[in-house]
């Protein structure tokens, strides 16, 4: 990973975007430097997609400024960036090879010579027929073909099996190691863990930013160990506390040990209640409820 | 830009429905215009009545095609024959004096041909144009237009109905709810039927008011014919939507079905002027039969007994189309061994959208 | 009475979508089936609901009226409001009057949709739409709930809320069969079935599946064999089929994802030999 001298490949400064009376993005400042992986986390509707579109130059901000490679986003900057939207941006009625040729022609690059074994096996099949995992692989290859300096990935692994997901992230890390800046959105906690830094958006604003441990801070969750996990779960839900089940283990983010003990006592459930460090997911829940 | 051109060609190559439209349609139109576009009716069905019937018949040449010679027939018989669309011209003769040709004004082009033929014969025969004495095009077109407008609305709008469920992914939901396939189709089609019926009334009333088109026959017969025709249209819409995966395909199929309707229903080019090799297409179009009913009732005041064949054809059409639509939909809704193995991927990735 | 599949196989032409799969969904628990796209999850759920007839094997399912389904596309009608969606489903199942009002009130509040009742389904955020779809599936009190990837693409907060609703339904006595790609959710279920290309890789409780790990996992900074390693956070996990690695690196905290990936790798390696 790079030190403070790293070049910034994408940056937003105080960006706000309103649609009529609705404020989609509010005063968001963030940056992606070369060689780092920044994870953009938040609910759908939190403003992630709008922010990405502004960064890409597809949408103008109502206030604030945006820069790509230290310039205003334009047709020139498009040449240096690779974007994989949520819907993949592939033509399902063309074959794998035809899709790659189209992208190559559009960017003035060449079709990658070496495809993975799995992709080579289906290079003459229609994209609509090859399955989601391979489609996501293909979308990556297409986005990387012109050697971009910035990769923007919107939910690149949604719906794919764990092995394929980890392989896609191998590619992401490879690119970051080579100096490409990566901005990625994800709903998988385990993937958020792999990012160098996270930007957490709630209702259009940045609720938290930094490394995973910085974001978790010193937050704790309450862990409930008991045989009667079923009843404990109900008692806590009745008390309007957010409850997570991890195996037989009941965890309550965003509550104090006292609150939990009281709720359990009211339902007559006996349990061993302790405060433990929060996980990233639990921190997100706390931030979301704020 | 070259990249875009290549890509569009490649995608087009695989889209068979659009390719069919791009290649087959112009060819079809050319053939049709070549043969069907003909305002000259080459053969006018004619009967002769009265004492001089045979003499008159012998004196008639092309384009008149004498069907029946009835020396004992009266003017009443002649009028009935024309009203019931058995012939386009019925010539009534007395023992002496000029015979009178009763001409069906609702068969516009035949009537025009007949009138000019008689005029050229130097006034040997009196002409009396029934039902549309001034041979106004609007009087003939309005009933036909009512049918055409409804064909557009009924088929396109209905066909989009089911396609929406398929695109939204809610068709699976319907499959496990306590609905029978008939419930689903019927429920989907009913609102459009109601709207189409209201439209039908509006168009007819406006046509009558604005263009002074007469309404000489029974409203009940007209209403019945209209409802039956609408049933066929919405049923066709339902069938098209059960055959289409998305709105684009549905509209393409609907256009495919409607274009022949316009060309071959007799509203623009008279069926009688077409050679049999393509005239049969007109007899397959439901619109042809509706036009017969509409013009028959509005202009000729024809009774149900004269139009029963058209009613029958429309009824059969409705049954066939609905049955086909229900069967096709049942395949999508009921236990199905050959279900689609690959889920629509776009639907999956759109979950987060 | 348990619902489920027993030695079910389904073939589509030359492809085997399910190969002798047994999956039980007993009442009162959440039974998860995990796997990537194309693994056979949707086919399995399709057999459970009756949309797909298996080529062999047996399926136990309740009467159609006692079945609740939530497809992967949320199963909501986009051009109707939240209330209208509920009205439609209620009407279809004959739920009216006081009964409907009580059910609607309770479920809408639980789903956090009470302030969005007049909003069109297509204007809801992804998470809220999924919650509405769940309410619609649950409205008529089914004994078997079949959920196809109810939380895919949904934000973490809504996911947890959905999970709350799902486990509550199970606790109330329904059998819940759920397909998911999120292994953390699968770990919370009572039982898990891991599918890969139609084959069962492992099944049982989360603990049993984790215990079925073939070999060991080590946590390293740089893997010896990249084909058997994958990233987890800042480090790599590497799989050793024979358990041949220095004990210092062995991961004692093996979770479901480790086991699933290891099983998939083993299957791929066997297939290519």
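As written, the chains take the letters A, B and C, and residue 1 is the first residue of each chain.
Here, contacts are C-beta pairs under 8 Å (C-beta built on N, C-alpha and C of every residue); 3 or more make two chains touch, one makes a residue touch a chain.
This is a predicted model, so every value here is computed, not measured.
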So which chain ends up in the middle if you average the CA atoms?
C
Which chains touch each other through the most C-beta pairs?
A-C
What's the distance between the Cα centroids of subunit A and subunit C, rounded to whole Å?
22
Mean-CA-position distance for subunit B and subunit A (Å):
57
Measuring from the mean C-alpha position of subunit B to the mean C-alpha position of subunit C, what distance in angstrom results?
52
Multi-chain contact sites of subunit B, meaning residues that touch two or more partners:
342, 345, 348-350, 352-353
Going through subunit A residue by residue, note those that touch at least 2 other chains and give them in order.
44, 131-132, 155, 158-159, 187
Please output the residue numbers of subunit C that touch at least 2 other chains, ranges allowed.
37-38, 126, 149, 152-154
State the interface residues of subunit B toward subunit C in the complex, per the touch definition above.
168-170, 172-173, 175-179, 335-339, 341-343, 345, 347-353
Considering the complex alone, what residue numbers of subunit B touch subunit A?
2-4, 6-7, 10-11, 14-15, 342, 345-346, 348-350, 352-353
Going by the contact rule set out above, which residues of subunit A touch subunit C in the complex?
41-46, 131-133, 155, 158-164, 166-167, 169-170, 173, 187-190, 193-194, 230, 233-234, 237, 242-247, 281, 284-285, 288-289
Flag every residue of subunit A that touches subunit B in the complex, lowest number first.
44, 86-88, 91-94, 98, 101-102, 105-106, 126, 128-129, 131-132, 135, 155, 158-159, 187
Please name which positions on subunit C make contact with subunit A in the complex.
35-39, 125-127, 149, 152-161, 163-164, 167-168, 171, 181-184, 187-188, 196, 206-207, 230-234, 257, 260-261, 264-265
